[in-house]
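Here chain A shows up in two complexes: once beside chain B, once beside chain C.
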Partner chain A sequence: MMQIDRTITLLKQGKHITEEAVYSLCLKSQELLMTEANVTHVDTPVTICGDIHGQLHDLLTLFDKSGGVEKTRYIFLGDFVDRGFYSLESFLLLICYKLKYPDRITLIRGNHETRQITKVYGFYDEIMRKYGNSNVWRYCCEVFDYLSLGAIINNNIFCVHGGLSPDVSTIDEIRAIDRKQEVPHEGAMCDLLWSDPDDVEKWSLSPRGAGFVFGQNEVNQFLHTNNVELIARAHQLVMEGYKEMFDGGLVTVWSAPNYCYRCGNVAAVLRIEDDLQRNYTIFDAVQPQDGVGNAIIPTKKSQMDYFL
Partner chain B sequence: MSQRPDNKKFTRPEGINTIQIDAARQMHMRTVQARIPGGGTTTQSSTSQYKIPQNALNGGEPRTITTGRMFSAPSRSPPARHICNNPNNPPCANCGGVIIPSPKAFLPLEDRPSISINNWTISSKKRPILNAEELNNWETKELRGLGALPEMIFGNNFIRIMNTEHKWGIEFNTLDALKMVSLSDSGIRVAHSKVWLDSKLQQQQQDIMGDSSSIDMENSLKIVKNYDWTYSTEYEGTVVGDNKDTYSFKVDNNLKLPIDKLSKQDKILYFDEMVLFEDELADCGVSMLNVKIRVMNERLLLLCRFFLRVDDVLLRVYDTRVYVEFDDNVVMREIKKYEGNYNDILAKHHISHSHDPKAALRDSNWVAENTPIVDKRCEIMTFNDLKQ
Partner chain C sequence: MVVHKKPLSAFPKDTVFSSPIKRIFDSQTTIYFQHSEALTRLKFFVSKYTSLVESKTYYPKNEAAALDKESSGALMDVIEILNRLSGYIDDIPPFEGPRRYGNLACRIWHDKLNAVITDEITNLLRRNGVENIDNGFVLEMTYYIQNCFGSKTRLDFGTGHELSFVAFIAALDMSDLLPNLTGYTIMEIFNHYYKLVKKLILTYTLEPAGSHGVWGLDDHFHFIYLLGASQWIGNEKIILPKDMLDKSVLNQYKDQNFYCMALSFIFQVKSGPFSEHSPILYDISHNVKHWSKVFKGLMKMYDEEVLNKYPVVQHFWFGTGFFPWIDTKTEKPLPAYEIVEDSQEELETSHNTNIDNDITTGMPNRTAYTKQPITYHTNLHTPTIMTRNETIPSTINNAFSRKPQTAPSRTITSMAPPSSRTFNNYTTSARNLGTTSNMASSRLAQDEKLRNVLPKR
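This part shows the complex of A and B:
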């Protein structure tokens, strides 16, 4: 426990964590996550958070603005890594909290918590840059395989990263999935992490040729069958931080402000009270500075060049 | 902003808190100051036009800039003749240095950098991605029919080149670019599409045999909304101004942009670069439209580039270059299109010292250099040719 506290302090300062320390953290969190169900039960009050994408300083703001893990229960809907410059620190901070307060934090797998995606979208590169080898990336990917696929709050609100799957009509069917693997390219597990809501009449194929989009009918059907009132998901950028759809039957929560350090969007978290009331907290991006006041996030500033 | 337990839904408070305005002002001040070469802390003049008296320019040495600069200044500066139209433009060489518009000055302030040379005025604007209201308007009106819009739409961004004398200009904006995205099936599929579809069909067979009918799978494997999900756009800019119909480009494929003139390291008086839209194609690649401009004393060059990478499938670069020679009032537009198979192009990347051999495929310059050219066109406009 002492070691976890020390690591948390280091992480908050964005300091280097040794490979051995990461290995030990990853091993411990695997043991812990292994015991969790595919769909975890969570009690209210709880705060639902969307994509983080390695924006550590914004994650710290998130905890700051929403009560902090000492006092508040959290569900994170996945996509902790990639895009931002501090994927490792963000993910490690979350698993440290998970180890320290196992019943106060639930981590759901996002489509970026996979080997294939992290190799392309930044997390792998970040590890290579910070460690010179890919060991730490491998340890983290092994933790990804144990993350839950969803959560259910008071038997009333279903939480998932992407959306619904035509292969899943009841939450029990999700419980039956063997989740401890790399996210496959098809099937229920893939759909839960990848699919998007849209204004379509019924299940339809994404024009990309893989993946589903679902509409209000599918949402209503799912809500009715499972006797829940809301699907809370993340996965899509929203300028306002959250977006309710289908008469409030589905909400997208987005928690990475100024996404990719240039979108200018705000972020939100959704707190569910004991009476299931929904309260959104909106927050802005921070411009973190080092001790002498220099910005430490490399902003993507226009670099003047003699292009041809 | 804090939680508001009294409301079921969060609503934005009316108006803006003074503290936020103050913070925004300070941020704006910092950004503006950061743009002044030499990190100057002087407050800019608040006049709307910042014109330098000619005698200050011609007499004596040109003012030297003390801090390290990215580019060496030419040995002899030409007489300045341009006007900075926005007091927040950092002063230019003759009035002090290089103009680099700020990427971050927004909310609630808006920065609209602009410069004039002869009868040409160049301006640009950068804002955050569209908000829900704007997005809804585009979805339901402006771009109805286009399925899901790109994830990041910088819909208020633009670069505009205007000839004030002839009331003719060309601008690059997001909406017009997206209006050119095809509303039919592009035929392009992500790499794992076949595997994915096959598995669904197989499952369907099993369902029929087992007589379980959870959902109508055959129907669900159809694409309901057809549109080009790669957002490929052949946008070449929008002609604007009162006389937009008076003058026209004439195609002349024998022409070439004057690379010698454009290769000269003439001092850049105005530079801006912006993304108009970007989509990560559900993590199957990238689709991005980007535009940048550099303005020198005698000419300008603008490059609008559409870059598409569908991982393991294809690469595509559509370049539109606009070149203006100020003294001759000549405008040239060159269109080049490159397209090729992803793996063929990856194979050209022999030397891979990097741990990430695919990094090159994220670099649109490298891709443009290594992808076969499939189309090329060059056009010219002088204000002499009136449209029929």
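This part shows the complex of A and C:
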């Protein structure tokens, strides 16, 4: 526990974590996550958070504005890594909290928590730059395989990263998936992490090349079959931070403000009260502070092979 | 075969032109591309244009008057087309109100582009003395300018679109329609192009195509840095790579040097520390001492990260005249797959747009085009301390091998015999037979289910 506290302090300052420390954290969190169900039960009150994408300073703001992990229960809907500069630090902070407060934080897998996607979208490059080798990336990817696929709040609200799947009509079917693997390119597990809602009449092809697009009919049927009132998901940037659709039967929550340093969006988290009332908290990006971050994280090996 | 009076003297007499076709579907076909005559030509022109601008400063205002129709060929026509396309943006303001990200008004602009571009190119050819214009020639050339302004479906813009403009200029060049090209004229054309693209990006908030976030060189561009770095070569007494970290230097040179132009656009759209949101550009300025080194490194990077990346080049299509899908050494056709059915139809996709354009990851696309018989291989999975992989090999295998599928109600493809020299008449025998026997029964049932739920075409 001492080590976890020390690591949390370092992470909050954006400081370097040794390879050995990452290894030990990843191993411990694997053991912990292994015991969790594919769909975790969570009680109210709880705060639902969307994509983070390595925006560590904004993640710290998120905890700040929403009560903090000492006082609040959280569900993170995935996409902790890729694109941002601090994917590793963001992910490690979350698993440190998970180890320290196992019942207070639920981590759901996003479509970016895979080997194949992180190799293309930045997390792998980030690790190579910060450590000079890919070990830390491999340790983290092993943890990704153990993250939950969803959560259910008070038997009333279903949480997932992407959306629905034509292969899944009941939540019990999700419980039957063998989740401990790299995300497949198709099938239920893939769709849960990749699908998007839209104004469509029925299941449609997704422009992403994975998952499906689903509409009000699919949502209504899922809500009715499973006797739940809301699907909470992330996966898509929303300029206003959140967006309710289908008569409030589905909500998209997005928690990376000014995404990729340029999108100009605000971020949101959604707090579900005991009476299931929904309260949104909106927050902005951290003001840029020159000299913070990159300068204090040592560059072991820049992606400069082309320039040697 | 139509005889072209002027430009086509540049091509062998039996050259056939045709509307470009998709040839790159996966990692294997990306490897074929590396051996293609098309890539050899693309690299030749990338090298030609960047050499032309070496050590040259761009003064847009001073020399603009020096351009004259007689000596510059189609140059002024291209610039006029770009100006007209830019004018359409003014006529099509972005929609107001809440939106996810990319502005849907951009699709109206693309409709306008698609409506006028064939005529624009036909007229350009006419004005430049091309008689008896061959339809295939127009279609093949038009394809590259039509696809250099971003994706209408995904509302994004990336280095693949930038490459398409280089290909368009190269096609004009190959046709002898851009005589007397100089560093100045290249910079003039590209300045107009980049001005238009930046206007599109800003007006319609186009996404970075397949963005790697902070871990890519730039959200949208790469060729622009090749031009700019080449421009600075030999100017080390005035400007060093490290000076690119100085905003006052960028302000001073942003209209004269493409590297500075690109960096100041980054500062326009991004906030936060430069070292954080653009670490690769930061490292270049910080670590590389000479512009010739910067240029060479960016070239190597371009060959790998743009020209050899499936997510980028999958959108580069091939005709038979300008960028042919033939082996550059043997001059034989490369193995080719072709969409047999529904080739002209637009994929039915949702009107939604995705900031995560992960479609371009190389995630095998099960919906757009399926092909066989190549198995999709990847080495990304690195079994390490876990032992479970051995216990459920079928599942792991399923994740990493691309099984032939019966795509929902469309697109059956086939492999062409490599011996054929005729480009558009591939035989399509025995297509898709026997694929189902490879599929697990559960998969079969699932596909059956999908066929029922997916929209019928």
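Just so it is clear, the second predicted complex is superposed on the first by the 284 of 308 C-alpha atoms of A that agree within 3 Å, B and C clash if a C-alpha of one lies under 4 Å from a C-alpha of the other, contacts with A are read in each partner's own complex, and residues count from 1 in each chain.
Operating definition for what follows: a contact is a pair of C-beta atoms (placed from the backbone, for glycine too) under 8 Å apart; a residue touches a chain by one contact, two chains touch by 3 or more.
For clarity, every value in this text was computed on a predicted model and none was experimentally measured.
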| item | value |
| --- | --- |
| Touched partner set for A:V183, first chain B, second chain C, both or neither | second |
| A:R262 touches, of chain B and chain C: first, second, both or neither? | both |
| Contacts of A:L205 with chain B and chain C, given as first, second, both or neither | both |
| Which of chain B and chain C A:P166 touches, first, second, both or neither | both |
| Contacts of A:Q236 with chain B and chain C, given as first, second, both or neither | both |
| Chain B and chain C footprints on chain A, overlapping residues | 111, 117, 120-121, 125, 166-167, 185-187, 194, 196, 198, 200, 202-210, 213, 236-240, 243, 259-260, 262-263, 265, 299, 302-304, 306-308 |
| Residues of chain A touching chain C in the complex | 53-54, 82-85, 111, 115-117, 119-122, 125-126, 129, 138, 142, 145, 166-167, 178, 180-187, 194, 196, 198-200, 202-210, 213, 235-240, 243, 258-263, 265, 285, 288-295, 299, 302-304, 306-308 |
| Chain B-facing residues of chain A, complex | 65-66, 111-112, 117, 120-121, 124-125, 128, 166-167, 169, 185-187, 194, 196, 198, 200-213, 236-240, 242-244, 259-260, 262-265, 268, 271, 273, 277-283, 299-308 |
| Sites on chain C touched by chain A in the complex | 98-101, 153-154, 205, 208, 210-216, 219, 269-273, 275-277, 279-280, 282-284, 287-288, 293-294, 296-298, 300-301, 304, 311, 347-359, 361-368, 378, 380-382, 384-386, 388, 392, 395-396, 398-400, 402, 408, 446, 449-450, 453-455 |
| List of chain B residues in touch with chain A within their complex | 1-5, 7-10, 70-71, 98, 100-101, 103-104, 106-107, 127-132, 135, 147-148, 151-152, 185-186, 188-190, 192-193, 195-197, 199-200, 203, 214-217, 219-229, 259, 262-263, 265, 268, 271-275, 280-284, 292, 294, 301, 303, 311, 355-356, 358 |
